[in-house]
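Dropping the structures in below, format is structure tokens.
Shared between the two complexes below is chain A, which has chain B as its partner in the first and chain C in the second.
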Partner chain A sequence: MRSIILRSCDGADHVVAQEAACLSKTVQSLLEELEESTLVVPLPNVCDCTLRKVLQYCTQHTALQRRVTDISDELRTREMEAWDKRYIMVSTDELYHLVMAAHYLNVPGLLELCCEGIANLIRGKSPEHVRQCFGLVKNFEAPEEENIRRTNLWALVDEKEQAKK
Partner chain B sequence: MNFADILPEDVTAMIFDRLPFDDRARGCFVNRTWNRLNRDQILGPALELHPKQVVNRSFLDWARGRLRNVQELELLPFKSNSTDIVTQRCFSSSLCELLQQTQHLQRLRVPPAQSLDAALLSRLPQSLCEVSISITFDDSCLLDSDFDVGTLVPFSFPRYMPHLQTLELQVTCVNVRSYGLVCAPSCLPPSLRTLSLSTKSRGRRVGPSLMLPCPSQLPNLRDLRLEATCFICQDRGTSMSAFLTSMQHLRGVRLRSNAKAVNYGKMLEELSHVPICKWEPL
Partner chain C sequence: MSEIDCLPNAILVAIFDLVPPLEVINTCCLVSKRFLDVSLSPDLWRNKVNDLPQVLTDRLEARSQLSYAKIWYGLYNTNMLSNANWGNITDHRNWLMPPANGWRVTLHGGHGWQPEYPPAGLDPLNVDMLPRMGAPRTRFTGALASSYQWCEVMQPVNILLELRRRGMETEEAEQYLDSGPEITFAVWYGGRFDCPSMAEVVVVLDDGTDVLPPYTGRREFPWARSAITHWKSGSLTTQPGNWKLSCHTFKGYSAGVRRAILVLRGKDDRFWAGHYGSKFSAPELYFGKCRW
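Right, the complex of A and B next:
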């Protein structure tokens, strides 16, 4: 099996099986464009730490996909889902870097997983809680906020009830 | 960091697409960017609503113009309480308002525990293919209706529902004081392939009877499930056996009735053209 080297923006090299690296469509395209003898692929938009995490995903998913003979599809899917669930339990900051890398490297499965992870941080939360979680600032002017409140008041009902309880 | 500002627009859209509509509506309160990205959301093809949302005026106003893509609508159950009847009426009229705004609704599912005003049936959208609905008929409904109290409870469907293939209708009569009550679904569309009608009563010892639909109205019917104290044919003379025999395309019949009324089990045994026949006592 051929191995290649992926070089992060801070110059760290990661040796990885080409099969796993090619879960990234960006890497796959770069390999097609570069000369066949090239073994080092520079990735100027991904830092060492994030690249390591991305490659962990690619390696694990390639390994699980290759286990075609010894486990059923259903079991493999369950295993992957359980692994993904553990994998995506990272800090908000890390999740942000991971989603940016997944987008740049074009790893569809990882991108979807990251989006789901971010969506889970938002789901069921109050606007204030979301602002705190993502470090956002409320930048409405009073009439603008009043207009939003009038339109979306129903969405806050449950939150009020929960507060009462 | 502001995710929505820094992340590429397509990634942001992927994140918000994974969220239910109420989270996205709450997202409008977060900041200007989130408001811009969520304020114009259109509801997706499958919509699940809590009854509290349906009766919320603010929600109804918000939903106006956002329901055009909804193809499946499922209502979640809510618990009965002392204001049950008021809530049911309010719920029914609000649901009507919602349904009238859908353009492509194909499936409507209301849980059996959530009953609706019988008048809603005649206002169902014509685009529906599958309906699973439960309606309650009570004294207050009778007072509003033009029908003789306690004789006939007609449930009319829209005359033109060309796509309706599956209808599951549960009728519950609550506290109706008169006896000999007959539920009579009428105007069933000829496109029906599966029909499930059940009648029950609460607060009365004798449950309602069910008037069978006219066989000529249902030329495409394959699967029939009926549940009532007993069954009455439209001309009041035809037997259940003759009713079933006249529907040559039937593949399955399941009846539940009061064992003391008529022995439908034996009758079904003699039906040679229907592969699956089953009778159970109520």
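Right, the complex of A and C next:
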């Protein structure tokens, strides 16, 4: 098994199995472009701690994938889901960095997992709560907001109904 | 600037895709301008709406009043039936007049139909009903109870008109209907805890040209001859003190459908005076699969 070195933007090196690193489509295509002999792949858009977290995902998933023989498919999916759930329990800040990294490195599974994590933060909240949660500033003027409400009238849930939630 | 604003649009779309669509319209829209742009963008909604006619998708980008989001909501989340909570239908002579309240009473056996708020001898049906297009979401609690001989109520729905109410042009609506999209009719029926009863549901899809006959007083269903396709539930036995769902989805029917006719029928099994027959609640007609 070939090992390669991924270098983050702040110059830290991470040694990983090629198989795991190739979960990232970006790394895979970079490896194909670079010569056979190169073992160091520079990743200028990812910082050290995020890269470590991403690689944790990659190694875990390849390891589980490789254990084809000793566990059934169903058990493996369940194990993977449980692991994913624990893995995504990070701070909101970390989640952004992770989603950006997953987008840049193009790891489809991880990207989906992160989106799910952020979507969970939005679900079942009022606009005001969502704003608080993401530290956003309300950049609507009052008449503007009224206007959106009016144009979306076809779907807006009653205020009372929303308060009940 | 918050960190979430740094995310590219494609990722925000992927995130919103995982939030329930109604919450996207109700919540995400009102968070910030960026959220508004993304939450109503065609990218997010395009694959939620199936088999729209080509003419519509071509024109959709240019229209400010109509969006994929609005079409998604209008087709799959609004009720095409009017007066789904049985207001003002006690007068059986209503068949003489155009049905301003939606329903026509076509059979008035025994003591006739009786709207009940809340239903007697049975817990109210506790489900979220689809609203009419443009109406607020409300929870209905009423039921329509039948009597000791067959009672029948029907409602013709001009589907073409309903599609135009949802913002489509006539031509687009016709093309959409001719492509045979899935249409679902669902109604809940139940019986009193103390009296067994029967119910029957008939749904007809036709071209809408046939004039509906007036009050017949007979049990036969005379409109089936103009039908392009139809569905009969057969005789349903209600479960005492409980609600059951009767639901049918039409799909792959041939072109030309312009109208739906819904017929609900019920009576009790003991021939008791009063309104001991089967009850109906929350009738819904909408595009797409059955949501229950």
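Here, the second predicted complex is superposed on the first by the 149 of 165 C-alpha atoms of A that agree within 3 Å, B and C clash if a C-alpha of one lies under 4 Å from a C-alpha of the other, contacts with A are read in each partner's own complex, and residues count from 1 in each chain.
Throughout what follows, contacts are C-beta pairs under 8 Å (C-beta built on N, C-alpha and C of every residue); 3 or more make two chains touch, one makes a residue touch a chain.
Nothing here was measured: the structure is a model prediction, and the numbers come from that model.
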- Message: Contacts for A:131 in the overlay, against chain B (first) and chain C (second): which applies, first, second, both or neither?
- Response: both
- A:111 contacts which: chain B (first), chain C (second), both, neither? both
- Report for A:96: first if it touches chain B alone, second if chain C alone, otherwise both or neither. both
- Query: Of the partners chain B and chain C, which touch A:139 in the superposed model: first, second, both, neither?
  - Reply: both
- Go through the superposed model and pick first if A:122 touches only chain B, second if only chain C, both, or neither. both
- Task: Could you say whether A:148 touches chain B, chain C, both of them, or neither, answering first, second, both or neither?
- Result: both
- Share the list of chain A residues that count as touching for chain B in one structure and for chain C in the other. 93, 96, 99-100, 103, 111-112, 115-116, 118-119, 122-127, 130-131, 134-140, 145, 148-149, 152-158
- Query: Okay, in this complex, where on chain C does chain A touch?
  - Reply: 2-8, 10-11, 14-20, 22-23, 25-33, 35-36, 69-70, 73-74, 77, 133-134, 136-138
- chain A residues within the chain B interface of the complex: 93, 96, 99-100, 103, 111-112, 115-116, 118-119, 122-127, 130-131, 134-140, 144-145, 148-149, 151-159
- Residues of chain B defined as touching chain A within the complex: 1-3, 6-8, 11, 14-16, 18-20, 22-23, 25-32, 34-35, 39, 52-53, 56, 58-59, 61-62
- chain C contact footprint on chain A (complex, rising order): 93, 96, 99-100, 103, 111-112, 115-116, 118-119, 122-127, 130-131, 134-140, 145, 148-149, 152-158, 161-162
